[in-house]
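Chain nomenclature is as follows: A, B, C, D and E, assigned in order of appearance, with residue numbering initiated at 1 for each chain independently.
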């Protein structure tokens, strides 16, 4: 019950599930050379963290390193190596890492620009993938929110590099699996590791989708029962969130598809089957987003027509009251006139009738009765 | 008559033709290895049922088996074999079956995840098809509802595997036909059986479509005659149903099309003609869904404008009553003032006229008459 | 004038130009074998009619036959032969005809299912075309209506088969042309005859289009002048008709296009030029349908805003009357109070003024005047 | 100023910029042979005019001819020849011309059917182009209107034929340029002339576009300042015009594009560069039409919401007046009751108070004041 | 704070972020020869400025020249040369420049027509690019506005020509980078320079986008809090701006894409990687524009429903006041009637009751109380 209430809270106010922070980034000045490095996001960590995961069928070890040179023995050997970099604010150290792998200036630039459109780009010796992690997680106030962060991945012949904005535990399940013996991941080449990392990210989209979908269902319930002005703001906020979400996933789908179609020596045909599974999940995510958008449009329509319905009700009440009482009040007004009945028998003789008052009341009652009959016949009562 | 009334009942409330249950599934945790088996649906049967249908031109026999090894003699012989599995909750036994056929981990995973997007995927030796059965059937309360269930099919060189969530009698017509001698199904290879099973599923879509279409027509009739607020909820629920229906059919069309276009040794060119027929039916289903959506949009428009129309009527009545009586009441108010006619001849001399009262009534009558004339001229009466 | 009035009648009520009958068909039970024959329409003729049209450059003869075997001499010779079948209810006799030509079971099934999506399908030796005749024709009550019927056509190497639901005179112009010597139709192979039959059908779409367009223009006139609630129903009915019409034409276009693009030995390149003309007409029909839909959307918008406009007018009148008279009535109410002027000079001394009554009337007049001035300044008068 | 006023006039009424005449054409009866000639438009000229323009690098002469045979010497020589035909009503003479060039029956038919969709069709030896001239021109009443007319063009190896409905001076600039020595037109083959004629037609679309755009801007200004019901009709009429305009240009673009892409010996690669320029202009025209449609949709939205805004204002005034005066009138009504104060001290003692009247007025003043305060607090005053 | 206020000012009035000037251009008369030069914009500079930037790996110099012949030594040498032309009004001098490079007449025409759709066109020896600079800049009144200007670029084998309308400092960052030694720009061929110029232009789109986005957010805030009629005009103006912006960017994307796909000897594969980055940025810009349009649509919906909401509130107040007081006033009217209680005991005996007045007041109080109860039960209070 408390969880439901918390989730419902998230509908109030304008914020939506995604904070505004995602929309503000620093921009490079126009006309700068490509490869000019500027971190466009905010600092999320005290200092950059680097971890080397080195493995083959036999062994697997993970160790934190301080300087990128420390990875040389692992890269030089026949093992497969994953270097995980977290924190993008320290441009100088980051550049050392990227230069060490001789990454193309355009790759270097994109890793640091945190509002990239997701994409998959082959650059000769390596494949560069940039995409957006979106996951549901409890926010400071306990209500679930969407968290969004840019993740970049470089796939070389025997290594994988990943770059994250924060020390999010995102990749922990993959690290755990890497530690197990006799798994596909240990047997396969690094392309399978790259797949596993992508798959992990895409799995999180479903958690985000579930949060959106749950929020939408609560909103739906609310709007169908008793729409409130703040629900309109929730509709708008959710629409914004879906626009952002769709943009974050849409082009990734095409990127993965091109990986499957193209013939890169870096991706074995075996791993392509697995990438097809990732592709399939992305299509499912996009379908769901589209469907939720359509349901959101429908909700707006319902909101609008319920406004009209309620207006109709209000007007009907006013009309019933007014059309019954206005003529009655008029009759009362008639007999409240001060014409002098003593001057002639034409002047308000009713006033002096024995049953003048009951006659007036009866007249009013029949007018009211006629009106009520009329309203009943129209189905208004 | 009772049937009509029943069907109309299905319009009330919010539920729509599809229950909500279809929308809730369990999710695997992000980052798990592909092939980690988790049944994401609910248990529908007490225990898993397995039936072997073994046939060739000469003979056909169906028998229930307990262990998958029992199918070995049939699979090993030159006959064609269909193994029908019903019930997906017993992951362990299911895995035995799937491992027996050495199904790819991704196939195994998808068979158990019951909210798959329909798809047709070649995996080397086999073709994997997952799709959604949607059929109209009488619900517990006698009103027809849509029932939805995931069905998976694996086509090998001489066998077909099918997996269903429940013991729905869905495939019974095919089993009956399999029992008849000298039919195309008995003569052809297993690809024809796979076609027949798919065709059977797609035939059911038309029953679902007819239910939707009948419901829509009743709604249309109701909205055109006398729209009610609950009709708006029915429009919304139907819109939701169509979104779900479309999503369930849309990508199947492309999958079937790729089967026809691609050159798989598992599908003979003869059977491709039949698959083209299935494809054609899917296009018809999608067309109908699209058209019903458009009519639904039109219904919403009609609903909205009928709200406006009725508001107009209400306001016109109020305006007529008010604009006629307000001036009359004002006149009555005038002659109800207490100015002293005895102090000067300027003070309400009418009160002491012989025909003061008739004069006042006449004045009122002419005002009312003028108003009525004005309303008639505007076409309001 | 009478014609106009008649046409306008067709706008009233809900029926639209197409009867509802088109939407109801029988369905085969799910899971039946392909080629299971069921006529899904209604019987339109007492008995099936068969006519053989046999022709070459020299001669042309038409004769009714009873048994399909009677066509053998014509089919066997070097002449070109068209066998025209009308009436689809007698499944048994129809099957004899179709089996005689060894038509594929799927063709046989489609000829009898009268709610086919239009399509053009090559089946090895023959090309199968199914499409929908839509034509304007005077209905029983003299008002023009749209009539719709399924027509199937099978093109072989030296024969054409056509199947119609009723004995509609649809193909009579082609039969007349066939009777003329030295025409292209007599010189060319049967593919030209097939073209001529298709062209004839597509020509009728324009008559249907003209009826829709005329109806739409009348509706437009009506809505722009004085919209009525029944016009909204006409808009809805027309929107439904256009949805049906579009669906009936849309996929035919692609079918004809594939005939032109593909290399079938049954279609000579000479006839392809003529088919391109049919294609061109279909595109024109579809364009017109799309445009009429858009104008229909625009009409709905106009309908809605004219409702709002009239509401505005009504409210303005009410507001003017009420805001003028309510204050006046209040003033009259003041001087109708019964405070005793004799007790103190502060109690309603106006009542005993010499010009108390004229003063009150003057006060009212200035209030009314002020209001009128205010309304004029706002442009309401 | 007068020009502005004139242009604004064109917004009133329903006619739009294009007359209705464009929408009515005669139709051929269904089932007639292709090449059956029927002029579906109205006669625009007393008699058909034929002009031969014969030119090469050295010389250029234009002469009117009566019989098409008179063109034989020009066609037979090595010069390039353009035969310009104006007036399509005289079917017999026209057919002589067309037969002289052995035009395909389908070309002959299309030249006479004046409501063709624009298209570019290769017919072996010739290329046939049919398109729609749309130009702005002052109408009889001095207000600019759009004029629309079908133009056909046949491009042969050394000749160009053009067919126009009227003697519009459309092609005069090209004739003037043809008269100049040492121009590209004189040096190039007839394909360049064909380009020049097409380019000339497309240039006129911009004049039409400017008229539409100017009309739209005036409408925009009007609607944003003070929307009137007739503006809604103008929006509808303009929307209709744009539908017609778009339809007239859309498929021409694809036709020109196919000319550029295809390899016809009739079009040199040099002239293809020029056709690409025509193509580019057509894309610009279509873009502008789409944008104007979108702005028109936006205008409709503004129209609707300004209706609502004004309704709000009206209702607010009514509410303010009514809610202030209704309670006051009630108070006055209280003290107008005739309870007898002499019977008990409980019966309306206020009537006999010294300051009863001022007390009543004060009560009313505080009620009114309270209401005004309330309205101010809500921001209504 | 002042910046916010300034930005908010930009929302008032109709102007939008782009001035109207962008929409008015001169047109060439229909039918003129291609290459007829007419500058369709306004003069922006006193006189045309020409600068030669000549560079290779070793040296780089920039110098202003007066006659185009002065560039001969630079063009003839092995250095790379960029000639920057600013000001398009002096057609004669401009033509000298363009003729010097033997630009195709269609290129010459497009450079001068300042309302080109962006495009990339190969012309044999050169590639011609025309596009639109759009940048945010402070306007005369200090509020940021969008500035728009056409820029053309011709890429030859060893030179680049650029043409700008004004002396905008747009390209200054590129000139500065050109001055630095040992940069990619100095090492690469002129195709890299062309890329750098295009990239510079596209970078500016983001500044424009940020301005639009900021304006939209302020508008959103305003509309969600307290919508005003002028906000509707702002929505319309912004919608217009976005239509213009989208049109200016859309086709450039396809142009850049064709540069990447096609095999022109003028573009090295190395530079294609960089052009892919420009392409990627254009897709991002277009995505953002589409999303902002969608949010704008949502804002309009919110505006409309908030109008309805407020109307509801107004009507509810009116209804509460009126339905409470109308019956009360009626009761007061009853006891204000002048029936003579002395004539019979049936005539208004209440008037002479001891507690007649309190009874009447009590009656009124219970009516009012009942009403209030009713309103509370409906949730209106």
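By definition in this document, contacts are C-beta pairs under 8 Å (C-beta built on N, C-alpha and C of every residue); 3 or more make two chains touch, one makes a residue touch a chain.
Chains and their UniProt names: A, B, C, D, E = Magnesium transport protein CorA.
What you see is a predicted model, and the numbers here were worked out from it, not measured in a lab.
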{"item": "Chains touching both subunit C and subunit E", "value": "D"}
{"item": "Proportion of interface numbers common to subunit C and subunit D (over half same, under half different)", "value": "different"}
{"item": "Between subunit B and subunit E, centroid-to-centroid distance (C-alpha), Å", "value": "41"}
{"item": "Distance between chain centroids, defined by C-alpha means - subunit A, subunit B (Å)", "value": "26"}
{"item": "Overlap residues in subunit A, where contacts from two or more other chains coincide", "value": "304, 308, 311, 315, 318, 322, 326, 329, 333, 336-338, 348"}
{"item": "Pairwise touch network: line, ring, star, complete, or other", "value": "ring"}
{"item": "Touch list for subunit B against partner subunit A, complex", "value": "14, 23, 27-34, 104, 106, 117, 119, 121, 123, 229, 232-233, 236, 239-240, 243-244, 247, 251, 300, 303-304, 307-308, 310-311, 314-315, 317-318, 321-322, 325-326, 328-329, 332-333, 335-338, 348, 350-358, 360"}
{"item": "Touching residues (chain side subunit E, partner subunit A) in the complex", "value": "135, 171-174, 177, 183-185, 196, 199-200, 203-204, 206-207, 210, 213, 224, 273-274, 276-277, 280, 283-284, 287, 291, 294-295, 298-299, 301-302, 304-306, 308-309, 311-312, 315-316, 318-319, 322-323, 326-327, 329-330, 333-334, 336-340, 343-344, 346-348"}
